[in-house]
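The chains carry the letters A, B and C, assigned in the order they are written, with residues numbered from 1 in each.
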Amino acid sequence: MAQANGNPARSADGGRTARPRRSVAVADHLIAAVPALWLAVFFLLPLAFTFVFSFGHSLFGGVELGFTLDNYRLALSGFYGATFLRTLRFAVTASALCLAVAFPAALFIARLSGRRKNVALLLILIPYFSSFLIRIMALTMLMARGGVVEWLLNGVGLHAGPLDLLDTQTAVFIGMVYAYLPIAIIPLVVVLDRIPRALVEASRDLGASRWRTFRHVTLPLTRPGIATAALLTAVPMLGELVIPRLLGGGRGLLMGQAISSQYLQSQNYPLGSAMAVLVLVAVGVLVAALARMTKGFVEVPR
Amino acid sequence: MSPPPVPESSRLANLLQGRATDRALALWYALVVVFLFAPILCALVYAFNLGIVGKQTSTFTGWTLQWFPAAWHDTSLRRAVGTSLVVSFWSALISVLVGTALGYALIRHPSPPVRRLLSAITYFLLIVPESVIGVSSLLFYAVTAIRLSSATLVAGITPVAIAVVALIVRARVLTLDRRVEEAAADLGSTRAKTLRFIVLPQMLPAILASAVMAYTFSFDNLVISTFLTTPRLNTLPVYLYGSLQYGPAPTVYAAASVVFLFTLAMLGVAFLLFRLTSRRPRGSAAL
Amino acid sequence: MTSMLNRRQTLGLFGAASGAALLGHVPRAFAAGGLNIYSWPNYFSSESLAAYRKKTGVTPAISTYDSDDTLFAKLNSPAGAGFDIVVPSSSWIEQLAAKGLLEELDHGRLDFGSLDPDLLDRDYDRGNKYSIPKDWGLLGVIYDPEGVGTEIRTWEDFFKAGEKPGVSGKVRLSDSGWETIGPALWLDGKDWNAAGEADIRKAGERLKSFARNVKSFTALDANAAANGSIVLAQCNQGTARAAIGLNPKLKWVVPGPTSELWVDNYAIAKGAPNLDQAYDFLSYQLRPEVQVSETEYIGFPAAIKGLRGKLGTDVKNVDLIFGGEGVDFSKLTSFVVNPKTIGIYLQVQSEIQAAAG
């Protein structure tokens, strides 16, 4: 990943006002149009159905189009409101844990040089070429009674007797960290990697301790990476279905399961759609707020 | 992980502490790798487990090789594996192309409204629960009378993978110095040339990393695939998830292990070919 | 990986893929010819499939689902067309038929005579207009007599035992609304197919207060029962057989006053592109030797008369395949999904699972 480059630390416009631009090139149009078109056709268009359906009447596996707010009323009832809050807490906790595990690893990888860095990153990625479900199923076997984890913890004296880890919140969080770790590590490495050594060394030369350098130089520069990692983990976690089911015994109900079961088990598309729309709105507001707060999503002039 | 603050001037302390920090980081990284590999090793070992009445058990009941031929003879499992490999290859390819463009445009598109619109779509992609994408896609194809096929399956999976690619690439673009591009333009380079020769090489590591993520996201997609499979098109996650209801057979462990090793081998070959064909002696993109 | 391809190739491939996707261009022959089955994974014996292939030259293509709900959603969408044989459970047959998603069976082309009459003409499909029983299972309880301390005969015993210290927190309930709420309804003397919203909610209250004892709502892992992390569980006889195979101390019972008999069925999807092939395959599946091979492979009993006597002598715990000795089908009930109440069952189940969190 050796990059010969000028001064990326003062990234972007370096705080000055952008100079008047040349006429927009065809390439720029193309670069924006291709993704916009693809996503419009394969994502936004189908999604429009969801929105329309959320105002319809359920026909058990079908929808009678119309305009009613009953679905929203039901979706906003106390039970699903509480479910949404529980889901939010769950995703934020899992994402924070995931980032906490990922950051030191990313820092280690980013500090390596050349070939070693690639190998270190590759080692993180290789496990993800194996099927996710199989790995989670294997994780249940490791954490089961009489499994390897129990044997290991007993061996080092951290635990005595049988270990009932499976079907607990702890197991779910372990699984969540496991599943989302590389998606947290990669954006962090990508950004950490771009922080020039010279800058860190300069800070040290000026007498700052390692900690102060980390705190005041490295961490702020990592902000876009942290924000990306947080977003890439927390938001999909809101819809997570499989891990809570396989590792947590399906106790406690999360929004992903609630919506999915409206669609499937009750065949109630309008209610499922209304719940989905509400989740979209709520998460949209939260993400926008988060973006404002961390300022990680805009090019921060510094 | 983070060491406590120390007196600023103490250089020696800094040095010692630095070494301790490095060691702690290395240890942490090692633990992470062990954590990530443990379930894979477990799955590999349990592909040889006898199980009980044809089902997998976490108690190791004895060694056997029978599940490998059994997995091969289970044509629906075999087909599912093949479909998964093909579909995720295409999905990853498309996602990388579209997602890289998106990730770049998110930051560098000259028009702020366009940037805002693209960001809105990208974040929107992440927020929408997969079951919603799945059901609405199924309804969409029903209404438009498009028959489900591998193309619709790929198209259905790509949006989420595109978002992942776009955000990783975007994080990289944020750290690139825009003035380099401007300098190139000032020196007479066309926009397309600048993108090709200045921007792309700088983004390559991020693109490759995101390609891996796009591939695994696609390969592991369960919820959307559930809705978009067809009589002749079934994917491995859909098969695996279904098998949980009646208890999975060790055959799925055998199949998954073989797929994993096969994928690694393919990656190795790809890497070697890349190294051989790469003109630069020290390929900057050797990820 | 992608970097191997040069740009022109990549663009070409990209164009091809997106073009195909946009036009939805699928060759017509895609679904016709051969035989398309939509089923649970690993639900047909590989041996009998191989023998069928040898006999006819046709390899059935089997796609899999994870629940009857998924099967319903897929068949219900015009985009999901192209399946020949599907394997719906007894609970969903009526709804599938009501939506016109199943082909009416031509009884002249199949040999129903060899099937167990107790499994025919049941209330989810009178006269077997749409379905042929494939295999069946029971809702029962597996428990560790030592851990639980008492014998379990009724669902009342089950609920009481679950409250006990040492058992509480090691209980498994089903993830399907009707299987968790059903037992409480039966104890109230109600029929789960006739119960109204008030009945279901009332029975649900009992489950909600019971929920704190529950450890898991997901498919029972035979190991968990065998190694004692679950000591009391609702499950089917197939999982019980696996668990008892690992730990012979465990006991299996079908509690009173009644319990569930579910039947998975062969059915033909409406507009099946390969109708003749489908009948041919079904006739093949109903042959005695195939029924025996299916039973031994999937561990659930096929529907043929006198199956018990035809099984190989080397099959372990044979009785358990049939849910133990003396199972009386007339005393058991099969759930039939009703659009009016299924949403309530689901809602209450969600509340129960949330209460356990």
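Keep this in mind: contacts are C-beta pairs under 8 Å (C-beta built on N, C-alpha and C of every residue); 3 or more make two chains touch, one makes a residue touch a chain.
Small disclaimer: the values here were computed from a predicted structure and weren't measured.
Pairs B-C and A-B differ in how many C-beta pairs touch across them, and the larger number is found at A-B.
Centroid analysis (C-alpha atoms only) places C farthest from chain A. Note: centroid distance chain A to chain C, computed from Cα atoms, is 35 Å.
Taking the mean of the C-alpha atoms as each chain's centre, chain B and chain C sit 33 Å apart. Per-chain Cα centroids separate chain A from chain B by 13 Å. Multi-chain contact residues, meaning those touching two or more other chains, occur in chain B at positions 58-59, 94, 97, 135, 139, 155, 212, 215, 240-241, 244, 267. Shared interface positions of chain C, defined as residues touching 2 or more other chains, are 18, 21, 67, 70, 73, 218, 221, 223, 227.
Touching two or more other chains at once are residues 38, 41-42, 140, 144, 146, 246, 263-264 of chain A.
Residue ranges of chain B in contact with chain A, taken from their complex: 1-10, 14, 17-18, 21-22, 24-26, 28-29, 32-33, 35-40, 42-43, 46, 56, 58-59, 94, 97-99, 101-102, 104-105, 107-111, 114, 117-119, 121, 123-133, 135-137, 139-140, 143, 155-156, 158-160, 162, 164, 166-168, 170-172, 174-180, 182, 185, 190-192, 195, 202, 205-206, 209-210, 212-213, 215-216, 219-220, 222-223, 236-237, 240-241, 244, 248, 252-253, 256-257, 259-260, 263-264, 267, 282, 284, 286-287. Chain contact summary for the complex, chain A toward chain C: residues 38, 41-42, 60-62, 79, 82-83, 86, 140, 144-146, 162, 164, 166-167, 245-246, 249-253, 257-258, 261-268, 271. Residues 52-55, 57-59, 61, 70, 73-77, 79-80, 90, 92-94, 96-97, 135, 138-139, 141-142, 144-149, 151-152, 154-155, 208, 211-212, 215, 226-227, 229-234, 238-247, 249, 251, 267, 270, 273-274, 277, 285 of chain B are the ones touching chain C in the complex. Chain A makes touch with chain B in their complex at residues 1-3, 5-8, 10-14, 19, 21-22, 24-28, 30-32, 34-36, 38-39, 41-47, 49-50, 53, 101, 103-105, 107-109, 111, 115, 118, 120-142, 144, 146-148, 178, 181-183, 186-187, 189-191, 193-194, 204, 207-212, 214, 224-225, 228, 231-232, 235-236, 238-239, 241-242, 246, 255-256, 259-260, 263-264, 269, 272-273, 276, 279-280, 283-284, 287, 297, 299. Every residue of chain C that touches chain B in the complex is listed here, in rising order: 1-4, 10, 13-14, 17-18, 20-21, 24-26, 30-31, 36-38, 40-43, 46, 49-50, 59-67, 70, 73-74, 77-84, 218-219, 221-223, 226-227, 238-239, 241-242, 245-246, 297-299, 316.
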